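Chains here go by letter, A, B, C, D and E, matching the order in which they are written, and residues are numbered from 1 within each.
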Amino acid sequence: MHFRKLAAAAFAIAAMAMPVAAQDFIAGIPRNEALIIQGPAAQNAEWFNLWAPGGGASTNGNQQLTADTLWWINPEGTGDAAWTNALASDKPVYNDDFTQMTVKLREGIFWSDGVEFTADDVKYTVDTQIAHPGMGWSAPFTVNVESVEVPDRNTVVFNLKAPNSRFHTLFTVRWNAAWIMPKHVFETVDDPLTYAANPPVSLSAYVLHSYDTAGNWVIWKLRDDWQRTSIGMGLDKAPDVKYVVYRNAGNPDARVIEQMNHNLDVINDIAPEGMFTIARDAPDTTAYWFPGFPFAHPDPTLPSVLFNHQVAPFDNKDVRWALALLIDIRSVAMGSYRGAANLAALSTPPTGSAITDYYQPMQEWLANYEVNTGTRTIKPYDPTTAEQIAALVKPQWGDQIPSDPTQLKAMFGEGWWKTDAAAAGELLQKAGFTKNGNQWMKPDGTPFTIKLMVEGDAIPTLARAGTIIAQQWSMEGIQTTVDVAGPTNGQRLGGGDYQAAIYWTVETWGGHPDLSFFLESYHSDFIKPAGEIQPPRNLTRWQDERLDQIIEANRTVGFDDPKVVELGMDYLKLAVEEMPFIPLMAYNKFAPFDTTYWTGYPSAANPYAASGPNWSNLRYMIVALEANATTP
Amino acid sequence: MDGFAKYLVRRFFQFFLVIFLGVSLAFLITNLSPVDPVEQSVALMTSFGATDPRSVELMRQALQELYGLQGTILDQYVSFWGRVLRGDFGPSLSAFPTPVMSLIMSALPWTIGLLTLALVLTWTLGNLLGALAGYYRSNLLLKLSGAAIMALHPVPAYIIGLVLLLALGFIWPVLPISGGAQMNLQPGFTFDYIRSLILHGTLPALTLVLVGIGGWFISMRSLVSNIVTDDHVVYAELGGVNSGKIFSQYVARNALLPQLTGLALSLGNVFGGAVITEFLFNYPGVGRLLIQGIYRGDYSLVLGVTTMSIISVAVAVFIIDLLYPLIDPRVRLG
Amino acid sequence: MFKILRDLLRYNIEFAIGFILTLGVFLFALAHFWAPLPDTAIYLLPPDMPPSAEYWFGTTSRGQDVLWQMSAAIWNTMLFGLTVTIVSRLLAVAVGMISGYLGGKWDQVLMTINDTMIALPNLPILLLVYFVMRDSMSWPVLAMTAALLGWNYDARLIRSVTLSLRSREFTRHAVFAGMSVPQILVRQHLPYVMPVIFFTAMNNLIWAIGLEVTLSVLGFSDINRPTIGGMIYWANQHQAIIAGIWWWMAFPIIAVVLLFLGLFLLAISVNEYIDPRSRLSRMGA
Amino acid sequence: MLTVVEKTPVSVEAKPVLRVEGLKAYYQMNYFGVRREVRAVDDVSLTIKRNEIYGIAGESSSGKSSLIKTIAGAITPPLRVVEGSVKFDFGGKELDVYAQRPAMKAARWKHLSYVMQGSMNVLNPVRKVKHAFHDFAFKHMGLSEGEFRAKVESHLQRIGLDPRVLESYPHQLSGGMRQRLTIGLATVCEPEFIIADEPTTALDVLVQQDVLALIKGVQQRMGSSIIFVTHDMTVHAAIADRIGIVYAGRLVEEGLTLDVFQRPQHPYTAHLIASLPRIGDTRKRVALGGKPPNLADPPSGCRFHPRCPLAIDKCKTDNPPLEARNNGRVACWRAGEMEAA
Amino acid sequence: MTALLELSDVNKDYRIGGFLDRSTLHAVKHVSFTLEEEKPEIFTVVGESGSGKTTTARMILGNETPTSGSLRFMGKDIAAIRSRKERLAFMAKVQPIFQNPFEAFNPLTTLDYYLFSTARRFLGLKDKAAVEAATDKSLQHVGLSLAEVRGRYSHELSGGQLQRIAVARALIPGPKLIVADEPVSMVDSSLRMSIVNLFRELRDNLGVSIIYITHDLSTAYYISDRVIIMHKGDVVEAGRAADVLGNPSHEYSRALRNAVLPPDPVIASAIIREKLRAF
């Protein structure tokens, strides 16, 4: 009796379940008009105000698809091609002492509710945020801006409180920037900090279609008047992508499954093994940044071994160099990325324009660079790392690994430091360390042990790198344990509450040689005593007069001045000499694309936009995608 | 005063005392948490942009003020209770300025729906099988299913969920593996929506059932094996009462009474969410909210969820204490 | 002691199976002290090797032998689980028996604490404690925290047993025979409470190990120490299930299941052995 | 003293309703290698006639409870029937308790009912009393629901219970009411045979007589037979027609109640009777020495010999058979001397 | 004459009931009696269940406190005993015998544990030999010896033996008063009289007074010096045993007296037949 009822119920459920594959994946929206992107699990799903705290830096499409500002930089681009004038019609114009910036705006751009975009919106954006501390860009505006003038509806003049040759970068999108507020909307709002902006008014080509109140998905729709936007103006035909779906696709395993089920076109990040699985099981329906191994897209951030310079003995550059020479970078590359790592010996990410601006020109200098170990000098640089890694991964990937060293360098980086335990030992002895059996003792006679902090869960590849480096150090007599900080990672780094850590402390424009993006905050003025929280850069608390001089010089040259590259090189050389942190590699992101419905994704060969849905310039990818002709 | 009223007053006092102590403890622990919501917000707002250190300092001060995090821990404790008594947990710090209450309220229906269903299913199935296995001890089918349940019992929830996800979402992809309902489907009492809810809820619910069934099964089986030797059961057997009736009315019914208390407690715990399952299947419930809150240092949110959970467990225990005399005719309050 | 073991082994098939399973897993876990490589060493073996004659349970994507990882993981996880179980049992017994026997004010205070602990949701509290402790968070500290959260429900059970024992005549008799409270609780009541302790210990152990796995899955684990949760954590970080490295997760889970079946069988047969009723009939009552 | 032997007429021709032959029922236990065999019922043969009350007397753990459990077919392991048979005769149809289980099950309550010791716990605590009647009796009566209810109510009224008790839960009733209720439950189908295990032990003195009268009354009205176990000799004195004395798993004496009380043939019986105190008599009673036998390791020969004042060597080695003597049966080598004494 | 035990106007109320039917039960009402120190006697409290006899016994033992009235033992208010020391001193003088000997000894504890514990605690003996000697002496009083009891569990002995061990244990501290609550109701009839006879000997040889709580009028008659009959908390009749039980005057006492079946089939069956006719 009971069994029969149960069986009937099970059958009914199964009957309901069977058609799920045949059914539309998204109710009411044709799959071949929608691009499905990995999005976040939103907590405040009904919140679309980009300017309130927590509202900016959204990864649900709001800033990527509806926001716009004056200029964009493609982190993958090089030279002039990396620069895009968006709402501005031209590059910024500064006066001679960099206390005034004038911007010309484009005409014919409209908000999605039909109101025209004008200079008043720009002025309103600045004034409102200054008036409301706590809004996203309130602080930088307050620090920099004396006043904003609008001589005519297409011109904005910013009068600055002090000279600042990089003021325009506040309005230049790499990942995000100060988005322009719709004046006509916010004017009617009592408190811009508590206004949800739901639905948001769009200044870009897409507009909110619908969203999940539980925060699992948001759907954006192509504007009917997509041509009246800065991005639309440049297009010669309507984008094929009519709908953009940001969906929370779950943990990395679920993401892989969903892509292989063709329910997720764009993945933001998965582990290398997940990537390899897709490459193995779905090679015909997937595209990657590199056509084969190492697949990954290098983000312009620089995972490094950070040392807290306020904690002895990490204030000693010989110790830092010794630790660098104890690292076998090939194992680190294999352990963290299964070899798919883009190695970096210089203290700037090996991506975008940095390759041609810094890495390639400095190879010779690196090869000849000498380190004095106290007893002798060595030349630690090894330009053949790429070939060595290629040899390691060849058994697995075979023909996908080219033999041309230039191609290999594009995949695995230009080179890195040779492992040299002997030299490292000499450096440690130079710093007053002694070896007791297989254990290094600090000058004070206590064992040299290290706690190496990693984030752990959200950035697994760095945790993996951490464990392998810890093992290498431990085997050489420096007991190292890996400490998972989880959500407290950022704070502990900011507060100087660590000895050593694996994280990034350098990020760049990617598409521009200017290093002010991170370098500005490395000035010793901003260094706090141990235990106090610092701005989230210069996490190593590296203090050096020569560095201050470079920073101060950089402030006085223009953004596109050739001197920028010279100063950049000065910084890079100083960083090699001091080794304030050990740069390891670019942050490689595995972001495979499903080509079942869409083609024309960016790649290393055609890097017209960044790979990965978090980047705002993904919007350039979305409008460029083409429907796959072979899809029914 | 009448004895019952006296009992009620005492029980009420204890009820409030439990809530007061529990919530205070939770407040204390949450406030000891080193994750600083201001730093989390600052990090989020600055991590991707060009950052001017002077601005960051300014931003930090502004947020500190905005979040109302100034004052001593005692001040915050007092104002916390003031708000809780008004049913307000303040604004969420990670989803500022959305009130914590409205975050919880939007996650709660999902969690309650999923967990209540799964719990009732688990409870019913676990107790039924446990009672049958305890009563018909020589039945081979029951022995086998008992062994299967026993083997499943120690397997961690995450593994069970993962295996189900793989099996029914990938190898034989018949069920959606993520989210609470189909995208872009209008919520409402429509066939499509309800079907979608059921389909999306199946995997997480199945996980919860498989995870939870063992506990009920084992305790029920041992309860029943004790009851079958009770005089009234032996007497009914001597009286030729048919065995189906003995099983249902004499054995199972008596054994179920203590299990009801367990059910009530578990129902109270529903408000804490099913963290791992929600996390794995991306189910938009309280458990996922809680984890996000913990990760982002949103202790208003964590405290809100914890407080709700404490209150609901206390209420569940309170209610079962009051209702028990009605369920079990033998029990008298005193 | 040896005789008891021999009797149990010879005459109780459940005990024999349980004993063999538990002993097998125990010996297997013990073997990690003689592992050829340190249990935290990585990339010393070829990664991702499926089970073979050379690597019985395959190797992980981190270049570790699953066999030796498992061996250490089971050891460490059981150490954690048993610590939680034993500490929480001690708490439950102490609170339950004192509350049940002394009654009155003691009972009220202890049961209010108990009810408060019951109402506290475990996971958030544990995670918050984890944050508060940070690098001083070691497995013994975590075990103590878990133990503090894991005794309350069982204390109530034990209390109710003690409560019924309190009104038995032999308790009153013991009082008039001049026995002290500890004497009465330990000598007179504990034998009756033991079955409850054993029975709840199993559930508590499962709960503790589930907790360890949950914390690991959420990213809160000491990744320097191989545990069952730690193995799952690392397997996840390498997307092992999706990548087809099933042996990384499957074997540890099978081992845990076998261990639990073993422990469960041991628990029920030992319970039968120490149960006052069966003890009495054995003694010939 | 008047010797009014007002025996209920027992037809000699009528077949006995119960025949127990050579019954042996042992507890066979094996706890972790400790093998124990308790000979709770050791070679008992007896017959019970129609329309009689047969009392079984004995002390605790003498095996009297095991005996009637075995007769009722209510044994669960480790108690097992090792030898012998228990046969009922219901309306001319013979029913072997252990050979015809399905038929036995069908006969329960219709022909054979049971009043258990400890009436406190024999009713399901979470169901109302009326459900018990329905569960036990409805199927045997062939009545409609309404008729059944009326029948039950009138039956309860006849035994002095308010029919409203049907709507109560067991715990709401007093011990006396509950015991009446179980007697009511056991007799509602008017069975031919009732097994009663210590039905008055837990009752207050004042109620005891009423309940005994009730049992006697019901039995007389229905003409059923009752086998009745109690350690209380005064209860046997009050209602039993015949008494069997059980000692250490064996029937040591059997006879008409009056005979047993006035002329006990076994030294044990004699002692039992002699040690009974009575109001108005403060003469010193001599207690029996020694301790009751352990059924797992009973004494050799006559099991009473270690405590028996009349024991001779033969008693230590040879087990006396239960033999007919003086209108009853007795198992004692020295029964002759007893008589003389 | 000094009073060994003096109860004056003792009352005990309980709250009972639950949800809807809460009420106060007057378990013991206005009970007063006195036992003289110089004149040991067997004082019997007769009653059915619910008569308040057990509650009275518990109050005498100090396990319950009266709602009103006072119980004095050798001039000292029993309810006022608080400290463990005072309590031990009291327990040395007043000892209980419980109803069910199988219940009174923990089946999982050896019997000698109770005996030795008593000897150690109340006689302050530390030395093992002294403890054993005291124990053995006490066991001799009840016709047993330590050799027979040592290492035994309760299930190894008969109820009568256990009850005698219980008496022996109670005798170890040299008590003035033994409170025996239904001490023979669970003892087989063949052994019952040995316990009852033992009480007589204690009174006569050791000068111990005994409060004998029972529902059994026959044994009460057999050994008591004085008797009170309780009914629903009230003492309905009190006096010399032979008067109260032999010739009761109160209606309830008479009913109780009549309810006792004599061990004589002729009279007993006649009584039942009489009852039957009344139906």
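Note that in this section contacts are C-beta pairs under 8 Å (C-beta built on N, C-alpha and C of every residue); 3 or more make two chains touch, one makes a residue touch a chain.
Note that the structure is predicted; figures quoted are calculated from it, not measured.
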| item | value |
| --- | --- |
| Most widely separated chain from subunit E, with each centre as the mean of CA atoms | A |
| Highest C-beta pair count, chain pair | A-B |
| Interchain centroid distance [CA atoms averaged], subunit A/subunit E, Å | 88 |
| Centre-to-centre distance between subunit C and subunit A (centres being mean Cα positions), rounded to whole Å | 44 |
| Distance between chain centroids, defined by C-alpha means - subunit D, subunit E (Å) | 31 |
| Length of the line joining the C-alpha centres of subunit B and subunit E, rounded to whole Å | 54 |
| Multi-chain contact residues (two or more partners), subunit B | 34-35, 162, 166, 279, 294 |
| Junction residues of subunit E, two or more chains touched | none |
| Junction residues of subunit C, two or more chains touched | 131, 134, 218, 241, 284 |
| Of all residues in subunit E, those that touch subunit D in their complex | 48-49, 157-161, 188-194, 196-197, 215, 217-219, 221-223, 245-246, 255-257, 259-266, 268-269, 271-273, 275-276, 278-279 |
| Touching residues on subunit C, where the partner in the complex is subunit A | 40-43, 61-62, 131, 134-135, 218-224, 236-245 |
| For the subunit B and subunit D complex, residues of the former touching the latter | 230-232, 234-241, 245, 249-250, 253-254, 257, 328-330 |
| Parts of subunit B lying in touch with subunit C, wherever the complex brings them together | 14, 17-19, 21-22, 25-26, 29-30, 32-35, 150-151, 153-159, 162, 166, 215, 218, 222, 265, 268-269, 272, 275-276, 279, 290-291, 294, 302, 305-306, 309-310, 313-314, 317 |
| Residues of subunit A defined as touching subunit C within the complex | 251-253, 256-257, 270-271, 273-274, 276-277, 331, 334-335, 338, 451, 456-458, 460, 463-464, 467-468, 470-471, 481-488 |
